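Below, subunit A partners subunit B and then partners subunit C, in two separate complexes.
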Partner chain A sequence: MRARRLLGLATIVVLLLAWEVTARVGNNVYVPPPSQIAVTFAHEWFSPQFAQEAVPSIWRLLAGFIIAAIVGVALGVAIGVSDTLYRTLDPVLQVLRALPPTAVIPVGILLLGIGDWMKVAVIVFGAIWPILVNSVDGARSVSSERLDTARNFGFSRLETIVAVTFPSALPQIFAGLRVGLALAFIMIVISEMVGGSNGLGYAILSAQRTFSIPEMYAGIVLLAILGYGLNALFTLLERRVLAWHLGSTAVTR
Partner chain B sequence: MTRAPVAARDLVLQVVDLQKRYGTGTLAIERISLDVRRGEFVSIVGPSGAGKTTLLKTVCGLLAPTSGRVLLDDKLVTAPPPEMVLVFQDYARSLFPWLTVTANVAFPLRKKRLTPSEKASLVREALDAVGLTAFAGHYPWQLSGGMQQRVAIARAVAFRPEILLLDEPFASVDALTRADLEDVTLRLRAEFGITMLLVTHDIDEAVYLSDRVFVLSPPPSVIVREIAVPLSQPREQERTRSDAAFLALRNEIHRMIGQRPERTIAP
Partner chain C sequence: MNATVTRWAPPLGFVVVLLAAIEVLSRTGVLPPDIPAPSAVAGALVRELADGSLSSQLATTVATWAVAFAIAVALAIVVGLLMGTIPLVYDALSTLVDLLRPVPSVSMIPLAILFFGLGAEMRIVMIVYAAFWPMLVNTLYGVRSVDPVALDTARNFGTSGLDTLAHVVLPAALPGIATGIRVSASLALAVTVTVELVAGDSGIGHYIAQAEQSSRIAPMYAAIVLSGLVGWLINAAFAKLEDRVVFWSPSVRRAAEAG
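Up next is the complex of A and B:
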């Protein structure tokens, strides 16, 4: 296991070295070597600028994702357990999920301006569809034996949803949340680039426009680190909540 | 076939002229009447596709009959009553993989007003009765198929029903495990006095376990015959199954399976 991880790390080191050498030989001002980006990164982001540009991005991202998760799961399970709701709303869902979410940013700017809430709103709009659709599917695919078991023991409809449907659907809900998180990340960067006065997306774009090339790359590196960190946190949560699912699928495999 | 008249209070379950049609489509059950006495082990044996699962779900109140009625202790069944619990064939689909064995068995007790220690002792007794005490902290998917079905049976027993409805509960396990589970079921009946109603396509199993066997026709289902099983109690796998009376009965039923009833025979 440790050897495998070392191999992966070695690949990253080799790639960085290759970049370093190519950049120094090529001497293109638009492609600075990683060593220079690292110096700029330390200077740029271990500074008050982190609070100014990165923190707003992070809280908007988390606010948008958490709202999308709560609304998406609640609505998705409700649609999944009700045939009437499903038949009424499923066509709408299928159309809206097919829309590239970035397309609604101009609408968001029109209606909400370029402030924080526009960004939170477009993140919610971008992230909610995979969460919603997966929650619907998860809630619909609970085995009839489990539902009958709960009914047999006298559980009411609501009690059955809480005690049986929701936990049964959790593996699919988490699959939706993972995709939703990735989309939320895309939406925060683009919404800040298109309509922003601060945030990482804004910082990267304005660095490019003022030819602060190493600063631009430093911003991208910070995004990569944040994305990796968020994904790692999500995986940690998933492993805790879905330990039973991971265990049972490992057994059948 | 004649039998001694039974006092009404001895009848725990009465199925009267039950008919079940799916929507406006196929007729699954044409007309079935049967009754089960308190403490009795009754089997319904029929070919695959004879509507056996449909029959049990209707008896249990999970499905509404198209016509006819089900009476439990002389009361009409319209929704699943707490006195009847159904054990499904497919344990993997009826158990909850996110709960441990203990939590699975305790699951139905959420609906009973009991103190935590009363619940704990019901769970302990049920696990003890099926021989799974040592696996209380495991998850169902860590156990073999036979053990998982024991968990499902323990979950039903912990609820303390009067009647267990068993829907081919031993059909998905190997032959040795199957014999084991059959004897576990007989022990539970003796220990807790639970009335058992089993549906199966396995004639030998029906004869081995039962006091009476109802033979079901292919769909739309009717009852071909009701057969008393006068084999001695307690039943033992090797001895009972090699009994000449056992063999005669299973051969008789074997010839009947797949037939429609002769209309001339009065009930």
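Up next is the complex of A and C:
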């Protein structure tokens, strides 16, 4: 097992070394060596610039994603438990989900300008559909045994939704949240590129336009680290929340 | 016929009522002028499609999408089969894949512009890069779900590597591949429109950005609606394909028999 991991790491080290050597030999301004990117990264981002460019992106992203998660899960479960709502709204949700989400950014700019709230709003709009659709499906796929048991115990409708439907739907809700998080990331980067005066998306695009090449790479590296880190945090949260579920299904198998 | 009516009446009714409400609120000036009446948007959609200004952009977007999506699918299936069947390749590449996959693909846009400029080449490279990952992950998932007994049986019968690939691995991997195709088809379209919006010189995304900047409000909404229709069509088509492929798949049949 350890040998296999080492091979994986070796691939990355070899690729980085090959990049370093070709960049130094070829001396192409578009491809700075990784060592130079690392130095620029430390210089650019361990500085007040982090607060100016990265912090706004992070808070907009989290605010938009959390709003989309709360609204999406609440509405999704509500639609999922009601046959009438499901039959009326599900086809509409399927169409809205298929809309390329960044296409609404110009509408956001038109209605809300290029400030923080436009970005939060378009993130909510971009991230909410997979969360909604998965919450609906999750709420609908609760086994009838569980619902019957809840009824026999005299649970009210609301109690059943909170104590039975919602927990049973959680695995699928998390699947939707994961897709939503990836979309939220796309929305923040693009909304800052198209209508921004700060933020990481703005920073890397203006670095490219002013030919500040190492700075552009350093910004992309920071975005990559954020994407990787948020994804890892999300996986951690998912494992925690679903620990009971993974365990219980393993037993029944 | 009756089933179709009961299925589509509620959602259509909802949409009609909603659009009628927006129409009235927009015409009476309750809504800001930036939210036009649906009839104006529909009119703009028909007009711009008929006079070619939107239909030519639609053609560009669909062509870009198709080329890039095909490349991404072919590339990811080859890499996925190599990684899934040769352990050494898997061990060498899986850490790299785990590292690169969660990276938001759109953060590579400035890099793509730097190397390829603003033309079709840059867009195709970006779309291939973004659509490659879900395709690869689903292909791998499919290949790794191959029944080990089937592989052993093939080996005992002295089946060659290529025959095993064609008759054992590929059929078992098809449901994963079909899911990958559906997911990356939608993602590829989203990235196509995105790249056109940020840095394109043509396509629906470019049209939307241009319309916004020149305050041609109804045509802007019309193009957004059109991009949604294209997305919906693509998703519906590939979901149908997936249903067909998954229908006969052994793993699904087994699950159906078990439960």
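Everything that follows uses one rule, which is that the second predicted complex is superposed on the first by the 239 of 253 C-alpha atoms of A that agree within 3 Å, B and C clash if a C-alpha of one lies under 4 Å from a C-alpha of the other, contacts with A are read in each partner's own complex, and residues count from 1 in each chain.
Going forward, a residue touches a chain if its C-beta (ideal position, glycine included) is under 8 Å from a C-beta of that chain, and two chains touch if they have at least 3 such contacts.
Everything numeric in this text was worked out from a predicted model, so none of it was measured.
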| item | value |
| --- | --- |
| Which superposed partner A:Leu96 touches (first subunit B, second subunit C, both, neither) | second |
| Subunit B versus subunit C as contact partner of A:Arg5, first or second or both or neither | second |
| More subunit A residues in contact - subunit B or subunit C | C |
| Footprint overlap on subunit A, comparing subunit B with subunit C | none |
| Interface residues, subunit A side, partner subunit B - complex | 143, 145-146, 148-149, 151-155, 163-164, 167-168, 170, 244-245, 247-248, 251-252 |
| Residues of subunit A defined as touching subunit C within the complex | 4-5, 7-12, 15, 30, 84, 87-92, 94-107, 109-111, 182, 185-186, 189-190, 193-194, 200-201, 204-205, 207-208, 213, 216-217, 219-220, 223-224, 227-228, 230-232 |
| Complex interface listing, subunit B residues touching subunit A | 57, 60, 62, 80, 82, 84-86, 88, 90, 93-94, 96-98, 107-108, 110-111, 139, 141-142, 159 |
| For the subunit C and subunit A complex, residues of the former touching the latter | 7-8, 10-11, 13-15, 32, 34-35, 88, 91-96, 99, 102-111, 113-115, 186, 189-190, 192-194, 197-198, 204-205, 208-209, 211-212, 217, 220-221, 223-224, 227-228, 231-232, 234-235 |
